[in-house]
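Just so it is clear, A, B, C and D label the chains in written order, and each chain counts residues from 1 on its own.
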Amino acid sequence: MTILVDKTTKVIVQGITGREGHFHTKAMLDYGTTILAGTTPGKSGQEVEGIPVFDSVVEAKEQFPEINASIIFVPARFAADATYEALDAGLTIVSLITEHIPVHEEMRFIELARRQGSYIVGPNTPGIITPGQCKLGIMPAHVFKPGRVGLISRSGTLTYEVAASLTEAGFGQSTALGLGGDPIVGMSFVDALKLFEADDGTDATVLIGEIGGSAEEAAATYIKKHISKPVIAYIAGRTAPKGKRMGHAGAIVSGKTGTADGKIKALRKAGATVIDRPIDVDEALQKIL
Amino acid sequence: MTILVDKTTKVIVQGITGREGHFHTKAMLDYGTTILAGTTPGKSGQEVEGIPVFDSVVEAKEQFPEINASIIFVPARFAADATYEALDAGLTIVSLITEHIPVHEEMRFIELARRQGSYIVGPNTPGIITPGQCKLGIMPAHVFKPGRVGLISRSGTLTYEVAASLTEAGFGQSTALGLGGDPIVGMSFVDALKLFEADDGTDATVLIGEIGGSAEEAAATYIKKHISKPVIAYIAGRTAPKGKRMGHAGAIVSGKTGTADGKIKALRKAGATVIDRPIDVDEALQKIL
Amino acid sequence: MRLFEYEAKDAFRQVGIPLPASGLASTAREAARITEDLACPVAIKAQILAGGRGKAGGIKFADTPEASKEAAAKILKMTIHGHPVRRVLIEQRLEIKQEIYLGITIDRSERKPVAICSAMGGVDIEQVAEKHPEKIARSWIDPILGLRDFEARQLAKNAGFEGRTMLQVAGLLLRLWQVFIKNDAELTEINPLIVTPDGKFIAADARLNVDDNSLFRHQALLERVGAGISEKTKLEQQAHELGMTYVELEGNIGIIGNGAGLVMATMDAVKYYGGAPANFLDVGGGATAERMSNALEIVLSHPDVEAVFINILGGITRCDEMARGIIDAQKTLPRDVPIVIRMIGTREKEGAEILAAANIPFLNSMDAAAKRVVEQVTKRG
Amino acid sequence: MRLFEYEAKDAFRQVGIPLPASGLASTAREAARITEDLACPVAIKAQILAGGRGKAGGIKFADTPEASKEAAAKILKMTIHGHPVRRVLIEQRLEIKQEIYLGITIDRSERKPVAICSAMGGVDIEQVAEKHPEKIARSWIDPILGLRDFEARQLAKNAGFEGRTMLQVAGLLLRLWQVFIKNDAELTEINPLIVTPDGKFIAADARLNVDDNSLFRHQALLERVGAGISEKTKLEQQAHELGMTYVELEGNIGIIGNGAGLVMATMDAVKYYGGAPANFLDVGGGATAERMSNALEIVLSHPDVEAVFINILGGITRCDEMARGIIDAQKTLPRDVPIVIRMIGTREKEGAEILAAANIPFLNSMDAAAKRVVEQVTKRG
């Protein structure tokens, strides 16, 4: 009915006693997310908003074996370890809010997640929300409404922008997720498109991309081959200057991918509807659904 | 009918152009082992005893995809890499002859083998022989004869000693293998006992242990629970002095395991026949079979 | 963070990658003395945090200390692509039989390091990649296991090397991998790796970019960053130190927003209505009033800016904080330009009250705001 | 290879494990000067490659430089468990609130590193392990992923530490893991890790054993080995340098064989017939004639040896080589003792011919040979 999270999701908040952790624990609880435990090493025994704090995920799982998802607010230097810990404890959904994590650590925990089949959403993500059921993130909840449009984005605030447009136009969302703003992220457009395609609660997917990398090009290839549901895409950064080149290696690896034009062309060619402005999502969906 | 290797085994010799590699390639070929290829990085295109030499296992496998086992004669500094290479190429049996490999590397490639379900026999092993079918090792072949007794040993020369006694007494071997003389080895008594138990070509197993470690104690525990076929055991080192203590940690980890007496008691308790001298294996088998 | 060539070469030296004999000079006299010590023909190479110095005249050759002094004097007066040359590297000049390319970077789509090797190295490597992609061998590396010896050999072989040469190139790839790992690199390159007529392999140029997010575990680099030496312009550097991302552009409409994607979308919207952004400024997530106030100051330091579009979509970022920042900044702004504010999201009501109290209007729609700010500039112009 | 305490502490210092202030002295005068510099009560600790020095009087305490000088002079004259004391470590004496045990070694049966932590550290840790196994927490470490922070914290917690102390102990475990990895250690221990009355954690003793097979990648240690400093006796060291393993025992029958298991079985067989082995000597795999000849010399250097049993089972090792070695050795042997040879396996026929030509008898059965050698000694006795 939705992807990744729903009303059965049982959450642990890693870094719950920190400023952000505490603030968003309250916001998620207010939204109705089932949070069973939190961790901050060394602070076992405390409580935050009535939620018990443990030294480790494993200890929390001893008391609440039903925990299956984590949201991580741990500072950058310790966030990789928190992610390893969540994976090691067998959690299948990790919403990794922290930004500025060393990229070498990111590659390692993403590889580990891939091996065990867990999803890491992020790092540097606003998280995941299944409106009306579960918010595993830091997004302003009021711009989202339950519905049947899937929303995937590489950008945080732009997700809210588009969600607000959708909601205003009467199109609720099945699930919305930010993939994360870092060059390396756990979940890709392709991973999310695959889940939305299989989800009978989703009629169409809105994909919000931006310049840089080749995630949108990969999505286009995948859409062409495997996606039957309509895809609407918006690519930010058409007018942005070319980013600084990452040596010859960067040019060799990325080839001609990375520009807004290239991404837009690839997505159009794959059958997606590409819109020029976030507000155009309304009209595009009207035509399709 | 046998374990690990038989007449269908297709072998690659890693380090084939070295002195030992070359010598034993000839000996294995003489024995009838099917060797399809050899490797020595940088020497692709050469031949050794009529066997083509490749730069890498992957390249050899391109030409001979049926290769499933490797024997490694690569010098200690490079042997770990050769083992990673064999595992990466998907080989399921690796007979690792080289000794003096750094123990940290050993732990790593043994862990990798465990993950993918490949067997590493050794390091520092004489290898594996299924008499009359396949010799994937450096043992003097004439002391082995085809038959129905499985032979597992931690020691090289002691394996030959017992094999010679068995052969002389008319007990041939289904398969004989040296687990390797290093403190850390890939295959354990338990792994081998499990295979012999399942092998309908084996009637009884001879286990040759020695002081140090707790592999024999682990074998005893396993025999008691899972092994229905007779096990005859010989433990070398009853009169050896206690080895030098490996700090407090060594004592904490090993506890009371490691002595010949302890191992003998454990094996007797598990129902194994423990013999005092290698030549007693004949009499012991006569009684049992 | 990009390192200077000489810094990258220090990192190379630590893992045993062979380098030309060299010395670093910040004056022409030093250059002469180093050349005398080296006692061989030398290359004098501008040390700047940008590429393309060769074509810009930043590399010269000299056979004598006097010629080296003269060349260094010239280069040390240059500014290349906006970067003043403060130091030159004086290096033994090498005879070249072959130029090889070796590089390791991060493949974003695979989320893995990728090692790249080509027997056709040199300045034209990107053209080789485009026209003869088969001449460029790649190998993706398991980020947990790292580059193994056999993988390095296979990569060298795939690039066309054989026998002993294959082993030598593989050995250098493994050392380059050490550089990559030890320095938390995003990128490291040897281009060209020179093969001399007598068969030696020497890294003639060196490139090393370190992941900014890893600087906390590289004390020495942190100190250099503290000293303000980087490839960024002054305003970019200033913004960076304040926790924001700022990039200067050619237009006249200042752009401030929270979140890179939103800022890009804002620029696109401005362009959609015929305007031209003067900059990209992302205040980042959870910005404070002070940061917003700093952001406005930075944007207005750019003399071309005729109007500013502030686009706030509150998530972690709170509208009330942003509103306070705007009001604080307006008290001390150097110039009076129209500011168009779009604000929705977390604490929108509180933010609205703060702006209303100060008589500052704002809009809810990004699109409408983009249209308005373009009108402001057109009206003025 | 076992390192001296001060060497282990150097390795600890490099990863930031806190240590007492200290200095190394090889004379009593140096000890006095170091004590003066430290300006605090000190411990004077014998630096030997063996345990149990405390109970043997190898650790003394002093409050003044004079007392330190006196204590050092005494210790520097000692020989502890066969090891002459060449140096003493002069260390700031610590006040002790608690003694903690931290160790990492290799678990042979799990084929993984295991980290061990106990709040009841100190010299009696092994008794704690025996009587209160629940007081000893262990954590097996994935050899590819290494010890992760969260695992170190869990281990500290399982050992009974909580809150800030848990984090501190975990931090030290992670540093000890760095020592383990960087040094290719078989074992590294801090015992005791002292907690001072003001809550500081300091490694009072340090243990580090490096894997002999990894020495090629630890140049500094290789050099020390080259200098002949080790925990082995002179003969053991000599055999080691020749590529053999030799251990001195109490009996009178010299034992030589190829392969550790076979040598042990040979000793067991000698014992079975009432004899007593004088040593364990494994010539190793693929030994040459020269090595066999050296082996005989080493065994006969032991004055108690009255007969020698050479047990060769040819695999990699070739009987002809061994036969040649025996003949070479006999020409120059210091003493004339009966030598019983058992020989089968690779090139047995060639070996037999060589021995026959020299009129040296040999047997095929290990058991028969064991019986014969015991008879030889009994006959003589």
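Quick note on the criterion: contacts are C-beta pairs under 8 Å (C-beta built on N, C-alpha and C of every residue); 3 or more make two chains touch, one makes a residue touch a chain.
As the structure is a computational prediction, the values presented were derived from the model and not from experiment.
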Neighbouring chains shared between chain B and chain D, ordered by label: C
A-C or A-D, whichever has more C-beta pairs in contact: A-C
Between chain C and chain D, centroid-to-centroid distance (C-alpha), Å: 53
Cα-centroid distance, chain A relative to chain C, in whole angstrom: 27
Cα-centroid distance, chain A relative to chain B, in whole angstrom: 49
Separation of mean Cα positions, chain D and chain A [Å, integer]: 54
Residues of chain B touching at least two other chains: 112
Sequence positions of chain D contacting 2 or more other chains: 144-145
Chain-level touch network, classified as line, ring, star, complete or other: other
All touching chain pairs, where touch follows the definition stated at the start: A-C, A-D, B-C, B-D, C-D
Parts of chain D lying in touch with chain C, wherever the complex brings them together: 144-145
Contact footprint of chain B on chain C as seen in their complex: 145, 148-151, 153-154, 157, 162-164, 166-167, 170
Chain B contact footprint on chain D (complex, rising order): 51, 101, 103-109, 111-114, 116, 125-126, 129-130, 136, 138, 142-144, 181, 184, 186-187, 189, 191, 207, 209, 211-214, 216-217, 231, 247, 249, 257-262, 264-265, 267-272, 277, 280, 285-286, 313-317, 344-346, 365-367
Chain C-facing residues of chain B, complex: 41-44, 55-59, 78, 81-82, 84-85, 88, 112
Touching residues on chain B, where the partner in the complex is chain D: 20, 76-77, 99-104, 106-108, 110-112, 126, 138-140, 143, 153-161, 164, 181, 183-186, 188, 208, 210-211, 213-215, 218, 234, 236-241, 244-255, 276-279
